[in-house]
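In what follows, subunit A forms one complex with subunit B and a second complex with subunit C.
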Partner chain A sequence: MKHILHKYWVIFTIGWQVAILYREELILWRIIDAIPLLAMIVLWVSVYTSGNQVGNFTLPTLLTYYVMGSLFDSIVSTHFEEEGVREVNQGTMARFFIRPFSYQRHSLMNTLSWRLLTIMLSTIPILFFIFIFYRQLFIIPSPSQLLLLIIMGVLAFCIEFMLSLAIVAGSFFFEQANSFMHLKWILTGIFSGSLLPLSLYPHWMERLSRFLPFQFGFAVPIEIYLGQTTVNQAYWSVLLAFIWVITLFITVNWLWNRSVNKFTAVGN
Partner chain B sequence: MKRYLNLYFHFFKYNLISAIEYKTDFITWSLVTIGWIAFTLVFYQLLFSHISNIAGWDKAQMLILQGFYFYTDAVLWGLFYKNLYELPYKINHGTLDLELVKPINKQFLLSVKKINLNQINSLVMGSIIIIYGLKLGNFHAGISDILFAMMAFTAATVFLYSGWFITICLAFWVERLDNIIHFFPNFRQFSKFPLDAYQGLPRMLLGYAVPILLVTTLPSQFLLHQRQFSLLTVFSLISISLLIFSRWFFNTALRRYSSASS
Partner chain C sequence: MLSHYTKLWLNFARTSLLIKLEYKTNFLLQMIIEVCWAAVTFFTLEIMFYQTNSLAGWSKGEVFMIYAIYRLMTAIGAILFRKNISNLVILVNTGELDLLLTKPVNIFFMIFNRIISIDRISQVVISFLLFIYASHLTHLVWSLPRILEVLVLTICGVIIRFGFSIIIHSFVFWFQNLENIERLELNLFGTARFPRQAFPQFLQNLFTIVIPIMFTAAIPAEIILGKTGPLLFVSTIILAIISASITYNFFYFALRHYSSASS
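Right, the complex of A and B next:
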């Protein structure tokens, strides 16, 4: 057991070292990720200064929704699928089949190390955000909210991870699996609530979003944070997210096992 | 000049043959492009079901602006992306030599060799959305409005290319910076909204100092018969200056490049 744990700890630390070695890339990712958020803030400030009112949202509530939602999303989202698809297409995935750890576990440890650094890097803008806007925008969550947010964070990360893995598995069958990546981004954009709060959607679209797995990385946690959900709704969300994790875990495992049989490579 | 036009024609022909040969690839990425366009339209549809305008721009005007944003997609992803995507990788892995030894302008070769023809969809969809916006708002664009809008968009294209190329050249100074390719297209997201939506320092910075907002606002304004000739002149001069600067910057950056042959 100790030996196995050590193995994964080594992968984690290597991922950490690589991330620190190429820290310019990591910092640039944070800047790139911040641009759509800044554009969204400009949009909403402009909308409200033009005299509009959107649903029951005040401008500070909407800004908190986007800022904190983006932060949560940046912590739980995974981005290894592009490299995974390239590994399959170029045949370099073969190296994972002869190593004493699977591609899935390697990706998991690697992603966790990058996420940890992301959290550390996010601390600075968050402290800045709290310092500037703590009276208007920042809400200190209660211990029960914090616990729910942590549970939701873990479940959302698992869902994101499974979806990314499904795309990599898809590349064993379909050469242009990168297009699935765009499909994931589009669906996440629409149904996660990152575009608009789900309560502002038409009724049928909101109901659909409430059953899909994309909401757990953005809308659900931020609604918990803002106190817009009842305790029962929050528990239901946790249960639904858990069902999605199990469903995706079984599906992706089945897909992966079938995929590996399709793989051929020369050399590497 | 004739030599380079002839060369570009051959690049285009090669890319067209490639697109015809790999039909599935072409169709898949065309669908992805249409998916992203649909995504944006869903957003505006939802947004305008709650509000009447953004900084005085109503739905019809915003659609026209968005149409020009899709044009910028066509230009960036269609003409330059495949080429510039490879540049940081080549710098990092020392495989740039192959391009540097060829007897033509290096920047030209590195920027335009590959063309992504599926982006024709962005061009078509952008045009449809602009026409729809004009009809929805009951705007009548004359020939001169269209010509001036095209001039403004040409200046925008030069600005976008030069800005993107300059940021990618930063990869010469850093050991690995593969994601620099994503910076400028993301930075362009500010131009999804009109200049009027920005106030104070952001307006000064993004509207005039690094005029990314003019990329979509200026052509839209010409089409909406709000002619801004002085702004067009200034924007054109900035774009040309930036193109000249990109050439100098690239040549300077090249001095930092080293490899043990590739």
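Right, the complex of A and C next:
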């Protein structure tokens, strides 16, 4: 057991060292990624200044929704699928079939190390926003909210990880699986609540979003943080997220086992 | 000489089309994805206007006009330049640029015109549909001078936007790790989708004077909708000429710092 743990700890530390190597780039990307968030905030401020009210959101609540939602999203989102698809297309995926650890576990440890650095670096632009809008944004969650947020964070990360893995598995069947990546981004954009709060959607779309797995990375945790959900609704969300994790785990495993049998590679 | 470059460009276009058609499913999927991305923004704006009647004094139709122009410029730039510009990083880091430098062709032309992303054509179709929708909402009447005005503004916008993109990508000659730098261009110029009046004064100045982002969608829409005088129209043309000149000269200045990476 100790040997196995050590093996994954080594993968984690290597991933961490590589991530540290790209720290300047990561900071730059965090700042660049904050631009659309800033634009969205400016737009909503403009809407409110014209005297409009958006759904049941006050301006501070809406600002908190976007800023804290982006922070949560940057912590739980995974992006290794692009690299994975490239590995399959170029045949370098073969190296994982002769190593004493699977691609899935390697990706998990690697992603965790990058997430850790992202968490540290995400605080920079987020603190910038909090500095500007601190009067509106500063909400201290209660211990029960905090516990629910941590649970939701773990479940959302698992869902994100499975979806990324499913795309990599898809690349064994389709040479140009990059399209699936875009599909994931589009679906996440629409159904996670990152573009607009789900409660502003037409009723049928909101209902649909409430059954899909994308909401757990953005809308649900922020609604918990803002106290917009009842205790029962929060527990239901945790249960639904858990069901999605199990469903995706079974599906992705099945898909992965079928996929590796399709894999062919040449090389020296 | 011109005919030589035209022939060369047509050859590049033909080769690019043949490569794209080799992966027919991907070609089709790419088109579907373009439609989906446009639908996401369309849908966001629709819901936004479901909650409010105006955005910084702009009606729904007027905001859609900005978005139509933004999409058209993005589409033309994506077809002609985007892939070539992002490839510059690879060319420099792998040393493949050596090969291009030995060709008896203008290197600026060679680098930024080799790939024509014909699969982005669906974006142009989407832009026209958005123009029709926005014109219907704003009751805008189309005449030949107005079409010419849109054409000139689009060309100017593409030059300004992708000139900026070439400049930031040219930093690869000094800093090698510039993968995905195009996200800077995408995110910055993405703000031009919205009326500039929605931004605080200092951001308006920043996005108009320091980095001319607003000249790539918001200001052209103001001109087309008659919200501003001819001064901005002339300014846009002058800015595009200056931008083209700066881009071209900066690229050659950066190129002088190229050291080959190949063996």
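Methods note: the second predicted complex is superposed on the first by the 254 of 268 C-alpha atoms of A that agree within 3 Å, B and C clash if a C-alpha of one lies under 4 Å from a C-alpha of the other, contacts with A are read in each partner's own complex, and residues count from 1 in each chain.
The definition used in the following text is that a contact is a pair of C-beta atoms (placed from the backbone, for glycine too) under 8 Å apart; a residue touches a chain by one contact, two chains touch by 3 or more.
Predicted model, so just to flag it, every value in this text is computed and none were measured.
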Room on subunit A for both subunit B and subunit C (clash or fit): clash
Touched partner set for A:17, first subunit B, second subunit C, both or neither: neither
Subunit B versus subunit C as contact partner of A:36, first or second or both or neither: both
Contacts of A:142 with subunit B and subunit C, given as first, second, both or neither: neither
Which of subunit B and subunit C A:56 touches, first, second, both or neither: neither
Touching partner for A:182 - first (subunit B), second (subunit C), both, neither: both
Overlapping contact positions on subunit A, where the subunit C interface meets the subunit B interface: 22, 25, 29, 32, 35-36, 39, 42-43, 46-47, 50, 52, 54-55, 175-176, 179, 182-183, 186, 189-190, 195-196, 200-202
Complex contact set, residues of subunit A against subunit C: 22, 25, 29, 32-33, 35-36, 39, 42-43, 46-47, 50, 52, 54-55, 174-176, 178-179, 182-183, 186, 189-190, 195-196, 200-202
Residue ranges of subunit A in contact with subunit B within the complex: 22, 24-25, 28-29, 31-32, 35-36, 38-39, 42-43, 46-47, 49-50, 52, 54-55, 175-176, 179, 182-183, 186, 189-190, 195-196, 200-202
Partner subunit A, residues of subunit B touching it in the complex: 24-25, 28-29, 31-32, 35-36, 38-39, 42-43, 46-47, 49-56, 174-180, 182-183, 186-187, 189-190, 192-193, 196-199, 202
Of subunit C, residues touching subunit A in the complex: 23, 25-26, 29-30, 32-33, 36-37, 40, 43-44, 47-48, 50-57, 177, 180, 183-184, 187-188, 190-191, 194, 197-200, 203
